[in-house]
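Next come two complexes built around subunit A: one with subunit B, the other with subunit C.
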Partner chain A sequence: MTDTRAILAGGRQAPRFSVASFAREYGVLVIIAALLIGLTLASDSFLTPRNLLNIVNQSAPLAIIACALTLVIIAGGFDLSTGAIFGVASVSAGWIAVNVDPVTAMIAGPLIGVALGLVNGVIITAFNVHSFLVTLATSLVYRGIAILITGGALIPVRIPEFAWLGREKVGMVNIAVIVFVVFMLVMMLLLNRTTFGRRVFAVGGNEEAAILSGIRTKLIKIATFAISGGAAGLAGVITVSRLSMASPQAGAGMELEAIAAVILGGTSIMGGAGAIWRSVSGVLLMALIGNGFNILNVNPFFKDLTTGVIIVVAVALAASKPRR
Partner chain B sequence: MNMKFLTAAAFSALTVMTPLMASAEDAPVRVAFLAASSQNGFNQAIYAGIEKAAKAFGGSVTTEIFDGEFSATKQYSQVEDLVAGGRFDALIITPNDTVGIATALEDATAAGLKVATTLFPVGPELSNMQPQVKGLTTTVATDPSIGARAQAEKVVEFCADKNPCKVAVIIGQLIYPFDNLRNETYKKVLGEHSNIQIVATGEGNYDPNASLKATQDILQAHPDINAILSNADQHLMGAEIALTDADIDLSKVYTIGGGLNQIAVDAIRAGKWNATLTQVPASMGAAALTAIVKSKRGETVPTWIDESKLRDIPQIVDKAWLDAHPDFVAEWQG
Partner chain C sequence: MSAEGNAVSIRGVVKSFGGTRVLDDINIDFRAGEVHALVGENGAGKSSVGKIVGGYYSADDGEITVFGERIGRFSPREALLRGIAMIHQELQLVPELTVAQNVFLGLESHRAGLLVGGDLERFAVIEATCDFGLDPRAKVANLRIAERQKVEIMRAIARNARVIIMDEPTSSLTEDEAERLHQLIRRLKSNGVTVIYVSHFLDHILANCDRITVMRDGRVVRTASVEGETKQSLVDSMLGQASNIIWPSLPPAPAETVKPIAEMRKISTDTGLRDISLLVRPGEIVGLIGLVGSGRTEIGRAMFGADPIEAGSYEIDGIEQRRLNVTRAVAQGVALVPEDRRKQGLVLTQTTRPNISLATLGGLSRFGLLNRNEETDRVRAMIRHFGIVPGKVDGEVAFYSGGNQQKVLLSKWAVAKPRLLILDEPSRGVDIGARQRIHEFIVEMAAAGTGVLLISSELEEVINLSHRGYLMSEGRIFDEVSCRDLTVDAALNRIFREQSRNHDIQETTLQ
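This part shows the complex of A and B:
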């Protein structure tokens, strides 16, 4: 009756709440909630402030990459080079910290990432090649550079001034967590509250329409790749600082984890739609699975199986959303 | 035949044979090293040993390294390519897949190449050091379960006066047969002592970051851990940071890794870690090259060279031994 009255009154039909549609829209949150409840019941050690902060702290580097990657994917791109950029930034920062200065190293890592991201963006737009192929190729180049810098060996960076970023805390909270939260908020503001953010959505939603609207789509794309590179560089510096060790193999496979987290959160792989919070949720979901397995001492053989099943369920939920 | 003719014939034969014999001794031998990954410090150390041993033969032995990219299929293809290419007389391999690569290596030996394997035997039995591939020249390795047993026994010693003694195991990856064998050995040895509990098993994937995360998680449930037993020094790098971050006194937790890299040597000397399982990759590479060149030149070489006997270093290196040998330098950085 209410619906009929609303229609008769010429108003729009009020959306009805349904558990199924909520689960489809917020599938990743539903699964996180289910895991939180399950792990809390299974282990006394799980739902403690220390463990929850531990999970966020562990996830900070990946979450930073995923936040920036969200912009790339919303703009219709794909970045397979974040893991390799992470590696180059790691060994560069490690080398600079040991041979030049720890503070310079912390600044240089993200800047090197931005430079490598810019290279990606320029190649993609100048030659009009799909970002998937370009970043696949540049990831090999960047990984090679990382190996050339170190000769394949690890670089020990046991310098207290450098370990500050990855190891120090403010109260109970790691500096790395604070850096991640600030970065996430900046990305949220950039995407949702600026002209640049609206243009990112426009480029990914309909590039032709964006061009006709006067948006310089190539510049927007280059910027998203530069931000993605910078984030990978920042994540690399945090990790080297935490481990006091730089490895040319660092970040291997991280690009796929970041993409999985973004997609898992519900950001459209087709571009034009998505949100930073979704990607962060995706990262946290994967971190919860790993944490749960270690806390409960479940046979590691089941970890990949469980992670895969959960990703399939989350993606299936998101895919079942009615298309408008 | 008169005596004069026989003497002349013998002299002629010797004249012909002498240069041939000399050329057999100095005949060029071209050796390909198929690294599990050429970008890995351990594999680079093996190759450094190969190169050093090759130089000892003068200029007659040349070497090249090939990157297996930690991929079983990549390495299989490399063996096929090298056999088909005919550029090499001998192969030294550090196998990524100890079972699957066997057929490719059989083809190599059938094609006349000398083949040596390092670090692990090739074939279905990881504890069998005798050739499981037809024609294999030599295996330079130690049964992984022997080292794992020695590590676990050190933990047993430490736990002797503790009940319960809580142990966390950080293993590489259980999908690898050698890591599975090590993990089973740990469980068997520690399981024989009722006071010892393996409270958690995490995968470190030979990555300090992965082992850091695993140890951090394990410490959430078991902050009262007594020992960390790991097959790799890279894992202890992460574990050490997790313990320090959790404000756990490192001197109270027994930590033992594997690999004897320089980072481990420094950490043990500094009293941060307790011990590590000895591995000598450069000596292993040198032994493999020497054996394979000698075999190519017609000498008989052992079918198994025990890695643990290559240098006069105890199986488990601890602070006491390092203090007694202040000039000791590990064969690889880490």
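This part shows the complex of A and C:
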């Protein structure tokens, strides 16, 4: 019906350039630019390399998760378990760093994340259950595992060979920022320059067409969840290293922040369209709002409220796109 | 004839989809209390007329009068309010609700919004007219298609419909069930209800309708009383004069000694195929000739590994295919252009380039990294080859015309250089220019040595573009023919004859 209506309307013209369509496409960048200008004018301490790098450094773990989550969402999936995977990876890496070896811990965290993500993907494709339900359930299981590992306690990790990842700098730039940038570039390469990326877009854009093009859609979906899990594990390791403390409750709520960032950036929740730079912009926008509230010394209560309103506006803007 | 005698009349109705005119200057009077058949070949426009009367399509031009009142804006809801109900080929019920809940959907007995009892009593009243024997408490999801159709009819009656449009009502019914439907239609008629009966089944039409409108190429050929009509007279006017399409000349057919690229022996599937045996040789165009629902699409899907094969043997290039799936079929050089390009073919969120490369990404890459330059060159070559407009490498396919979307889809498989190409409705809903180009493409592929399996609802197209054809009816192949000597007329007659023969057999076994 929708199709015929569109045809009846006679309006199957490609959209031309207009301010409205520019705002729809690049709304997140417009808002970021506005915030940058506004905060620069409002405070002298805002536009300093130190403050800006600090914003990115603080956001690095969330940005890593959001980059990988972008693949899941483009492939038409949804991952609510990244926060819990973050937790399992944190306590596992913490325990290994203390009891085995710090370097092993740094490698083990992301690998554990990949394994848990694989479990998500296999359950979703084998039983053909919506990823929303599966990851909602596994997030509870994974959080339980994290608590079991430590018996609910925190694990202090005061080991210099482990702490460099989250704390050290190369010149002015934090190592965590470098890790994030490298990860982002790898994700961009994966999505835009590889056969895998093309297949991710196809699976989310039209699964049946993908199947009828000989694409093994289940494998593609599983891979996106594995990548998402691995990213959550990496983010967990960075955070433990930074705080010198592994908590089984770490990362609670992070899955929703990551989803919010992806949506805020303008990646379609319907799948089949989106970009890594959008999700990174979404994370930065959320971080800028937080930073702005700190600098301007406004009641932090308004921070969530503002973020929420901006998300609603961004999503409403995106929804006004012409239908394909 | 006086206007008062008409339930619905349409005058000068015109309807186009994306530049293709599907209805042209249609004038029909549907008289109150008659059973009025719409017949024609696939694509002649009979279902479109039904949808215009049912409010699903709005006419571009012309006027519609319902019970003497001219209608401006029309919608399914508006049509229902005026007593017109449509029963679709694809039924529109809520599967999780019961029969009675579906029948009274939106008309539930209530007091200030709170549901109260009484629907079962109301159901009994309708059941008294229909005599379907349906359990009002059964869940619709558990019903067979024929039973669901009955629910749809009861729903129309619950709304006091005075005009009921039935689109191919008997296509999924057994002969016995069809007869009971026809009895109901007679009862409805005696209550003054008008029935608009869209169907392929000429026997059913001749036995149960009062008047017949024959359509061809979006126009009305004639409306006449059933008395003067025979099956032959209907088939003749459905086909009319051959249109002046120039068919490309076919390359010579391969000799019978040439080893087939694909061969099926006694294949049966869950999708309704029974004992299918066929073969396609390299360089040969083989047509599947049958009506909608005869199993043509299902054969194509089975050969492509899209539907599992339950019994029989299937060989590609002489190699037995067990556990075939689409990925394996593609790897062996099989390609399928599906019938619904928007739902099954194109990724509309993506541009031209990725759509064309989708099935051949492996060949465009090293270690998973895409070679963008090679890809761009290839996409440009395809745009030139097919004359795709707009010719942008990253054009928004979602906004292309039907013909250009189809060309993008054909490009996707042309770059794969398939050895067996299955085309399901390759020219449906495209303009004449694109159609011509698509026909040339089919011949080009065969000339280059590809085996082509051609599926089309337009018999003229299959017959003129194929070397050989298989005649199909109800999931079976009942004969193999050379397309050189076959006429559309002869093919259609044989299909109708086969259909009535099967129904006769069914009836005798039922008795």
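Throughout what follows, the second predicted complex is superposed on the first by the 306 of 324 C-alpha atoms of A that agree within 3 Å, B and C clash if a C-alpha of one lies under 4 Å from a C-alpha of the other, contacts with A are read in each partner's own complex, and residues count from 1 in each chain.
The rule is short, and it goes like this: a residue touches a chain if its C-beta (ideal position, glycine included) is under 8 Å from a C-beta of that chain, and two chains touch if they have at least 3 such contacts.
Just so it is clear, the model here is predicted, and its values are computed rather than measured.
Participant: Look at A:Ser21 in the shared chain and tell me whether it touches subunit B only, subunit C only, both, or neither; answer first, second, both or neither.
Facilitator: neither
Participant: Touch test for A:Asn291: subunit B only (first), subunit C only (second), both, or neither?
Facilitator: first
Participant: Would you check which partner chain A:Leu243 touches, where first means subunit B only, second means subunit C only, and both and neither mean what they say?
Facilitator: After superposing on A, A:Leu243 lies in contact with subunit B but is clear of subunit C.
Participant: Name the contact category of A:Gly272: first (subunit B only), second (subunit C only), both, or neither.
Facilitator: second
Participant: Using the touch definition from the top, say if A:Thr307 reaches subunit B (first), subunit C (second), both or neither.
Facilitator: After superposition on chain A, A:Thr307 lies in contact with neither partner.
Participant: Quick one: classify A:Gln58 as touching subunit B (first), subunit C (second), both or neither.
Facilitator: first
Participant: Under the stated contact criterion, what part of subunit B meets subunit A in this complex?
Facilitator: 38-41, 44, 174-175, 199-203, 207-209, 212-214, 216-218, 220-221, 237-238, 241, 245, 263, 266, 333-334
Participant: Enumerate the contact residues on subunit A facing subunit C in the complex.
Facilitator: 1, 3-4, 7-8, 12-15, 193-196, 198-199, 201-202, 204-206, 208-216, 268, 271-273, 324
Participant: If you look only at subunit C, which of its residues touch subunit A in the complex?
Facilitator: 17-18, 56-58, 304, 306, 326-327, 329-331, 336, 338, 342-350, 354, 357-359, 361-362, 364-365, 368-370, 372, 395-396, 398-399, 401, 412
Participant: For the complex, which residues does subunit A have touching subunit B?
Facilitator: Spelled out, the residues of subunit A in touch with subunit B are 43, 45-46, 48, 50-51, 54, 57-58, 147, 151-154, 156, 167, 239, 242-245, 247-250, 290-291, 293-297, 299-301, 303.
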